[in-house]
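Per-chain residue numbering starts at 1, and chain names A, B, C and D are given in the order in which the chains are listed.
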Amino acid sequence: MTSYGVAIREAFAYLLERYPNVFAIGQGLWSPWYVGNSMTDLDKQFGAARVIDTPVSELACTGAALGAALSGYRPIVVHPRVDFMLLAVDPIVNQAAKWSAMFGGQVSAPLTVRAIINRGGEQGAQHSQALHSWFAHVPGLRVVMPATPSDARDLLVASVLSPDPVLYIDDRWLYGLEEDLEPVRELALEREGPRLVRSGGDLTLVGASYSTLLCRDAASQLASRGVECDVIDLRVLNPLDTTIVADSVRRTGRLLVVDGDWSCCGLGGEIIASAAEAIDAGGWRSRPARLTLPNAPAPTSAPLERTYYLTVEDVVERALVMTGHFEVHE
Amino acid sequence: MTSYGVAIREAFAYLLERYPNVFAIGQGLWSPWYVGNSMTDLDKQFGAARVIDTPVSELACTGAALGAALSGYRPIVVHPRVDFMLLAVDPIVNQAAKWSAMFGGQVSAPLTVRAIINRGGEQGAQHSQALHSWFAHVPGLRVVMPATPSDARDLLVASVLSPDPVLYIDDRWLYGLEEDLEPVRELALEREGPRLVRSGGDLTLVGASYSTLLCRDAASQLASRGVECDVIDLRVLNPLDTTIVADSVRRTGRLLVVDGDWSCCGLGGEIIASAAEAIDAGGWRSRPARLTLPNAPAPTSAPLERTYYLTVEDVVERALVMTGHFEVHE
Amino acid sequence: MGAPPSITDQLRADQLGPLADANQFHGPLVLPAANRGWLADALRGMLQIRAVEERIGEMVSTGAVRCPCHLAIGQEAVAVGVALQIRKGDRIFGAHRSHSHYLALGGDMHRLFAEVLGRRTGASRGMGGSMHLLDLEHGLLGTVPIVGATIPVAVGAGLAARFDGAGGVAVSFFGDGATEEGSFHEAMNLAAVLKAPVLFVCENNLFSSHLHIALRQPADSISRYAEAHRIPWLRVDGNDIVAIVEAARSLVEPMRDGGGPGFLEAVTYRWRGHVGPREDEDVGVQRKEDLASWKRRDPIGRLADALVAAGDLVSADVTRIRHEVRAEVAAASARAERDPYPAAESLLATVYGRPGRSHS
Amino acid sequence: MGAPPSITDQLRADQLGPLADANQFHGPLVLPAANRGWLADALRGMLQIRAVEERIGEMVSTGAVRCPCHLAIGQEAVAVGVALQIRKGDRIFGAHRSHSHYLALGGDMHRLFAEVLGRRTGASRGMGGSMHLLDLEHGLLGTVPIVGATIPVAVGAGLAARFDGAGGVAVSFFGDGATEEGSFHEAMNLAAVLKAPVLFVCENNLFSSHLHIALRQPADSISRYAEAHRIPWLRVDGNDIVAIVEAARSLVEPMRDGGGPGFLEAVTYRWRGHVGPREDEDVGVQRKEDLASWKRRDPIGRLADALVAAGDLVSADVTRIRHEVRAEVAAASARAERDPYPAAESLLATVYGRPGRSHS
């Protein structure tokens, strides 16, 4: 059994071993657990020249990764928190995402930006953001969010081997999740997308990354209460292919999206909108719904964190309401 | 008649004259037309000490505006392009938007960030972004997009007088739009929101800023072809109140959102999702739809720009299809 | 062991030289000849910070405190020394390691304990934790943990002070790591151009997280940046409160008379790891052995020794102050542990301001 | 009129002094005593840039060119001089004012015209316009108009060159305004720490848009930042190609042998307004009268005069070169005007790469 955190490390080791043009750069890479167990001792194994710890300069490190990518390398720039990466929005969004198009497709920018969602633990508003909805909004930037150890590994490999700039977002809350892994497969990222990970006819549950786990756990509980769910793990948020979501909702007639980001102009709304555009009114058995973060920055105090973050119970409860097993008391 | 550009200037003059704690800071403010005609000679009228041109330092200027806001002032920091403002995402999103919540609501950050959408004219991918969907995603940040000269003026005044950080986004394509203006009204921003600007029972058209203009013009043309539209001008994108959109769609059964931003996780999807969540399946006469930018960075070459940006004809055509007046040939 | 360099006797702007040497400056401080009554209070102030942070460290160890806490133990002199130059109406900003700034400015210790415990009675009403502290009464307008973030914010507060015309100043506390962020340089240039009265205080403790400055910058002194941005600068042993006070005064006084920014580099060392109470590691990286030497450069011990040597205090006074402070700390922390958590409504109620609410 | 300062005879890092004086350096260049056969080519290179940009200026005036064009007329020596130190395999980045870099590196002029006209045959296949130029064949890996953006990108290319171990270097061209962006400082520090072979070339034309550097920075020389970031630097009259070549060589050579970054400040002046062809204004702000003096400091005229005075060329040669260049320009621009626009499909087809496509 390999954990999600270790699976990420395996992807790094796989890439660094086989591809001499791969290197990693970012804050904390010479610490054994700055980024959890996901990169432990890579610097010792592959040398500090290829696993580079850096000054506190998010923008320059990301820009430099882009420059190396344009020069024949396959850099992975690591941002230990999404929040810090906001200082590097320019190189990611204005530069890397547009580089191919701006120059007429003659060149691409194959850098991978790895950002970690690291929240909870009373860390507060500036140490807890997800913001994948932002990046999924940007044409030219592929956005990947693995929900399982095998995806954590294989989609990281695929990201680095992709000719395009990729934002790969992993979630510290998943690092303990375990799975038996097959040998690494070198997937072509442009052919990866959402996947149906559980089938059931009553309700479509859609998640990405940690929220997929919430959906799967909720689906198990719901099954024991007689509600059978399709569960869709989005995996690749941009470019987003919602075909299988629509196919599923055509079967179930019900859609509940679970997303650990904010609501307005977020991923949850995107999934609902895509389904609403694709499915005729007659195909719906109930109104679609989304569960997201409250419209507030993350709090610190533990009791508030408990109300702030979504739980399996929240999903189960809403699913029961949507499937008519439960009344809303307002 | 006052143009949109001049109306913005009137708001600045109104504020600078009446409120000694208001000042403006940003690039180009000592040029007569760096920001079109929207700030001409304010530096001469109110002094270069209160209308401050700056070094090329988007982050520091925005951070400094926040600091002044925390110190009793009402600064307006001007970003001549949304694209450049991406270097200032940290002070806007990590700092200003969260300042009140992080400190338990004891203090607020009343700064106004004014960003200008400035596109077309073969300026290309880094000189044309809108990205209002991004900022509407962030709790704590009010986002305002005026579509008319009177809103351009009065909502800027309201933004500056609001106790909260506000992102006020205006669009250069509207600067020539004219209107007879009433005297300035000091509106309470938290009470402003979307507005029904035209009534008709067949279809709900929703826009913001320039896309509202597209919707209004399309609605006029559609009326002459027998299709009567509700037109909703969103005005305030965050916090977003979609009540009147849902009310309208309950009447018309049809929804077309027009948005000059990208599609995925964008404003267009948000409006559709909110309506889908609010309205029972039986209430829809056709599937909702959105018109947005193609999934590509902005091109330069004029012929490509013409296909890239939305036009009134695009809206009319889609509306006719949705209302069954027109066949889709695919 | 060299004598402390006088603040006017600067080395080259790019080299710390002996100031970065753990084996220098171990002896008692050199006290001013006269007007030094304030030093006993400064000693108490530093002891208070140390005792509070030691207690917070314990509370982290026991699990009573859960939020990330970055302790400034060993760096107390910078906060206390600079605070002595701060007047009512000045505006101060800190970062992730700012318990010391909060306390030195006069912040209530019970409210600090309550905040790190996430209680409603905290400095930020339990909504911020250790890394987000506010104390409007004493001019602390905010501390936040995005490295470098408050530096430009302080420039804006300095600009506001210039507008106010009342001789106020802004102060920005940050570390050596923060000077690697572009925000720092943009802010320095902007302050210089706007002639904003901001005192930039860089606590150069030689480390950013687990990385020594030699791995992050081509030289170890931050003052070279002030030189480049044409901002008057002084550099001192950050464990010498006398030197800090003198340097801060000579930088701040001209600001109050309409001058522009100033830059103070205080070379110091943190005794605990980057985050949390442990002494032996920084995010998993074994720390070097020079901590023992740095402990001999203790800002508190060296002041206490000097005051006793000069006859201003007897040892028993020092012991008494230590006891008093510990008793305060015990009482304040115990009280905070009984305080209630914020109400669930605070989550949404704090996001936007109440219209018309005055904020300053 | 002073003699040009030798490149080793540096002033203080923070003051340009005579280098910023429009009334200095009006005489013919001081030529090297030997090995100067390359200078006639350099003259042609500069004349070519000027003629191309004059033509682009006309095309903007007539409306044939619609995209924003920032002309480097008056600054030609920097691009041509630095390009002479560039070898195959080096990687170069520019910004918004980069026609000169593109041409100096050997870029095809027809493809430049086609690009500013938005045609499919352009350097960026008509998808970039004046502000986004690519020429993989000559190592120009991109020019983009977000100020400061390519500076860290060039550092990464320098790191790649260090990895390659083949003696290649990266070059970043940018203006004085770009040094106000945090990205510049972060990049300088990162290059120093990574020992990346990057040549930073700051074309200090004293202006960012309509603002003189005196309104944006506390001193007018950018080299002071290189000093702070501990990067070897040289500063030259940017209108003296001999000085530029010499300085660039002495900075680049050690890089090819494993050295870290270098910094070249070339003090120059643009003859046209910030954007577009007009001489009299920068985004609506009336320009100062010193343009006439700066025109006497013409990088082209001073070289031509020196070559004629030295007997390397006769006036008729200069006239002939001018004519040849103009004819080339006329032909290339006319051809570009007949070229087709990009197909509508390019819009979506260029966003993502083709899998397996090699990019370098």
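Note that a residue touches a chain if its C-beta (ideal position, glycine included) is under 8 Å from a C-beta of that chain, and two chains touch if they have at least 3 such contacts.
As the structure is a prediction and not an experimental result, all values here were calculated from the model.
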Seminar exercise, completed: Counting C-beta pairs in contact for A-D and for A-C, the higher total belongs to A-D
For this session: Tell me which chain's centre, taken as the mean of its C-alpha atoms, is farthest from chain C.
Result: D
Exercise. When the C-alpha atoms of chain A and chain D are each averaged to a single point, how far apart are the two points in Å?
Worked result: 41
Exercise. What is the distance in Å between the mean C-alpha positions of chain A and chain B?
Worked result: 29
Exercise. When the centre of a chain is set as the mean of its C-alpha atoms, what distance in Å lies between chain B and chain D?
Worked result: 38
Seminar exercise, completed: Contacts with two or more other chains occur in chain C at residues 126-128, 132, 144, 146, 180-183, 186, 189, 193, 215-217, 342, 346, 350-351
Exercise. Do you know which chain A residues sit against two or more other chains?
Worked result: 54-55, 57, 59-60, 83, 87, 90, 94, 101-102, 124-126, 139-140, 239, 294-297, 299
For this session: Under the touch definition given earlier, write down the residues of chain A that touch chain B in their complex.
Result: 83, 86-87, 89-90, 93-94, 97-98, 101-102, 124-126, 131, 133-134, 136-140, 237-240, 261-262, 264-270, 272-290, 294-297, 299
Exercise. Which of the residues in chain B end up touching chain D in this complex?
Worked result: 27-28, 30-34, 53-60, 83-84, 87, 121-127, 294-297, 299-304, 307-308
Exercise. So in the complex, which bits of chain D are touching chain C?
Worked result: 13-14, 180-186, 189, 192-193, 215-219, 224-225, 227-231
Seminar exercise, completed: Note: in the complex, chain C contacts chain A through residues 66-68, 118-119, 126-129, 131-132, 144-148, 177-178, 180-183, 208-211, 215-217, 282-285, 341-342, 344, 346-348, 350-351
Exercise. Okay, in this complex, where on chain A does chain D touch?
Worked result: 23, 52, 54-55, 57, 59-73, 75, 90-91, 94-95, 99-110, 139-140, 142, 162-164, 188, 190, 239
